[in-house]
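Each of the next two complexes has subunit A plus one more chain, namely subunit B in the first and subunit C in the second.
This part shows the complex of A and B:
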């Protein structure tokens, strides 16, 4: 029982510190904390599909950007919606797109899905760059609202909700068991009566919708967006690295990876400015993690999780003869 | 009508060059079961090799082609076994890990090239640059003709190798069923390294040609990765014959959009087509996919 209590106390302490943070630090550090919360939340959002369902999404920035653009367009001079009304609108639009992309491609091998999502994000960049109503490459501005505390608490609430939903759905419910079952062996899961296509689609929509919420807050926060800044591939790259670094399919791994990498990003930015070298570091980080730490940082803390995965894989491999595996 | 024919010809010539590296891409997928995001990175590296050989050593850009094959073939031969190990490891989800690895490799190459060589665009100078050939009402830049001839030679050589040699038979057998190929005595691990090396070498050669026809900068790698994916989706992943048809189609689509709609729309058109094909007929319109 002891580790459980320790974990709960740690969680309460972290929430307490986060809630009091705006009173403890100046605006500069508060902005960095807001960014760290956003990335921790985005990493979790990517992990919902990538980690729990085992489908890699290389175009997650599409949903982040959709949330941002819907908010930016609705809050513009013509419509002037209030911010909180634009968030659900962005969620609905994102969910629709997720269904359109996911329904046909989630039935296939993960590779097709990865290509489709990647292509979708690139279509949106190109589309937003050539259309007039999105402001083209120049982008669009939003009515400025300069209250750092509001954005800090908005990101905090969004991130906390994302983690809470992920915990409740994927660690504590039948739905989570279904998702993990189809990830570990899709055929077996289907034989158990799980409607795998539907479950995958639901997971994908959830993952997309959470990303759109962060996009909406981000757009309002920075008050100016353009196609590269919200749809750009670098955003997806960063999410992928954060999750791989933290631990694919673990609840807290993405938070560790997200906050850790974001702080590294800010440090590099402070000392060297906006540099292409960071892209190389991201790439090297992905390669190194895949080669030497495939279960991420989180696996260092819980050996049980890392081991049980390997054992299960071996058992499954023996049962079905694993036609992909070949001789080792 | 002349414009139409001219566009068609341009598209087919470019499509021929695209075909060389997409055939290799399909082959690598068939044998390794890995989607290689890094394909665009190899194309760009080949282009830079051509540029630096021409600008630094003062030799003709086309001379870089065999060197690109040897150099990047060797690099690919070293990377192949790593990919094979990750793809066949006993960790959870090796397929995703291999995908993430090539994605990381691509990001590393792009970031490294941006850091080393900056955002500037270079063109690979050759003896034929600026010359053109008149065929009736049509004019064709000689570089494109030469590139298409090279491409046809490479693709033809590859097909002969695949369908007329014992080793080609082993490669095709492995792509069809690894387990059975292994039972017949094929060393899958070594074959994977060879195929990845062959593919990386061919892709870098195509990169020299692309650099001579268009130009090269670190960001265009994304475009070539997209081309490879487009062809893979249209032809069906792993289909080598379909790749040739799909690559020619891609070249023609791009040329027509660039001529009649505007070149800023060509990427949008390609993505949209790719996307529609995935939605309507996800296993490829040629239906040969794995």
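This part shows the complex of A and C:
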């Protein structure tokens, strides 16, 4: 069987299993599956900018948090919007923030961009912590809706759409070619007529908006959020590690990394009662992957991706200011 | 022949006009009052010792670097200070001294990326033709970073072909490549010229300059010091001094 057909059949099988999962497992495992789908989707949204465009964003949780807070505020007693109306509202607000933040910061490169985005998320934490309308440091509650199947399918739909959009835009369209070209050599991409400033901003906004959708569903799912729980830097850290483990700049890498790490995290918690051990496993896994599988787990299934760690090299090069894509 | 003036040798229909162009980097006068013309369908060679300002001139014309002052007019448009992508969209394409590959993309994707902005119609067919023209079809699916240095030069040349540009700037496109690859590039230049494309070529290989270029512009210390045919240039004592040094 040709690999392409085998891949398609595998994809159909995975979708089939995921669609039937609520009928096969209890609520505990369904919650784990919901979380796994959320992290797979979030890792994909981070990978849109980090993997495809080569811009390492250390403040991605800001957009997850914006989606969560918009939903929480609009569903509160005063406004009482229905959940499904809050999701597009969160996307619009997030897109506006992404444009305002992205326009100046995407002129920066490497570590400077990473620091600027990290600072943006920190600013939002502080802002949400001191403002009354966000509930301050104490957080904000949402109307409870205790239907695990609803949240499972909501996360499933959001993750599936995120991957579908990523596949269509970055693997099958000329927009993806432009984004990957600017990742590899920004000056050469400009010389090919590509407006790199605009393409970067479009990619940044798409990456941000997809994260906001998961934030919205998450807020409704957990029924209570505070600044740390949705803007916290550890959320971004998780995404970065998931993508590095799965495969930076690959379509399915973030899914493998996201699901794998979250399930390991939950299993460790289940058997040992806390997740301190998880951090040690995480560290060891990162070291092993960077040393022996620089393009992540996904490279095991792709001959071309397995040949070198060039995407990771490129990203790290940009981060340390070693790869400016500048003139010769 | 004209000395210290690159603007007089053309036939009077310039596609590129540069006037009194300046670009200094601190105390270094990289381009210091350059004026030159490049006529349509011409292959103009740009020569000069290392550090004479040739690549900076390319960067200024292609928009990679902003001029301090002076005029650059391409195909009737004033382009001095415009963004590189805007200039490229007007029909100007360039290569870089060190090949600027899209490393993680395949050879075919490199060619398609060059056509992604403005020339997408029929891009796949043109990419296949370009691969055949440059004899890169056997590595079409290879990652660009896996190519040899010569193949990377070919691929970069292929990308400018995909741009369907009216003016192509080539920065030492045959430097350090195998004679077979050099032959492929020269044949491709000849073919593109038949289609009416203009070239401005930085080159140190005098044999190539003699065989390919209609006219040669000589730069030294950020200025144009001579312009004319190959025979004119080799008989010019100032050019010879520029290359061989002045007698003590």
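The definition used in the following text is that the second predicted complex is superposed on the first by the 284 of 328 C-alpha atoms of A that agree within 3 Å, B and C clash if a C-alpha of one lies under 4 Å from a C-alpha of the other, contacts with A are read in each partner's own complex, and residues count from 1 in each chain.
By definition in this document, a residue touches a chain if its C-beta (ideal position, glycine included) is under 8 Å from a C-beta of that chain, and two chains touch if they have at least 3 such contacts.
In this text the structure is predicted, and so the values were computed from the model without any measurement.
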Practice problem: Using the superposition on chain A described above, determine whether A:65 touches subunit B (first), subunit C (second), both, or neither. | Solution: neither
Exercise. Could you say whether A:296 touches subunit B, subunit C, both of them, or neither, answering first, second, both or neither?
Key: neither
Practice problem: Using the touch definition from the top, say if A:195 reaches subunit B (first), subunit C (second), both or neither. | Solution: second
Self-check item: Residues of subunit A touched, compared between subunit B and subunit C (which is higher)
Solution: B
Practice problem: Figure out whether A:114 sits in contact with subunit B (first) or subunit C (second), or with both, or with neither. | Solution: first
Practice problem: Identify the partner contact of A:181: answer first if only subunit B is touched, second if only subunit C is, both if each is, neither if none is. | Solution: second
Quiz item: subunit A residues touched by both subunit B and subunit C?
Solution: 183-184, 249, 310, 314, 327-328
Quiz item: Tell me, which parts of subunit C touch subunit A in their complex?
Solution: 55, 59, 62-65, 83-86, 88-89, 93-94, 96-98, 100-106, 109, 112-114, 116-118, 120, 123, 141, 143, 145-146, 159, 163, 171
Quiz item: Inside the complex, what are the residues of subunit A that reach subunit B?
Solution: 50, 54, 56, 58, 100-101, 104-105, 107-112, 114-116, 118-120, 122-123, 126-127, 129-130, 183-184, 233, 237, 240, 244, 248-249, 275-287, 289-291, 294-295, 309-310, 312-314, 317, 323-328
Quiz item: Of all residues in subunit B, which touch subunit A in the complex?
Solution: 33, 35, 82, 86, 88-93, 95-97, 99-101, 103-112, 114-115, 177-179, 182, 188, 222, 226, 229, 232-233, 237, 264-265, 267-268, 271-272, 274-275, 278-280, 282-283, 290
Self-check item: Residue numbers on subunit A that touch subunit C, as the complex places them
Solution: 174-175, 177-178, 180-181, 183-185, 187-196, 249, 304, 307-308, 310-311, 314, 327-328
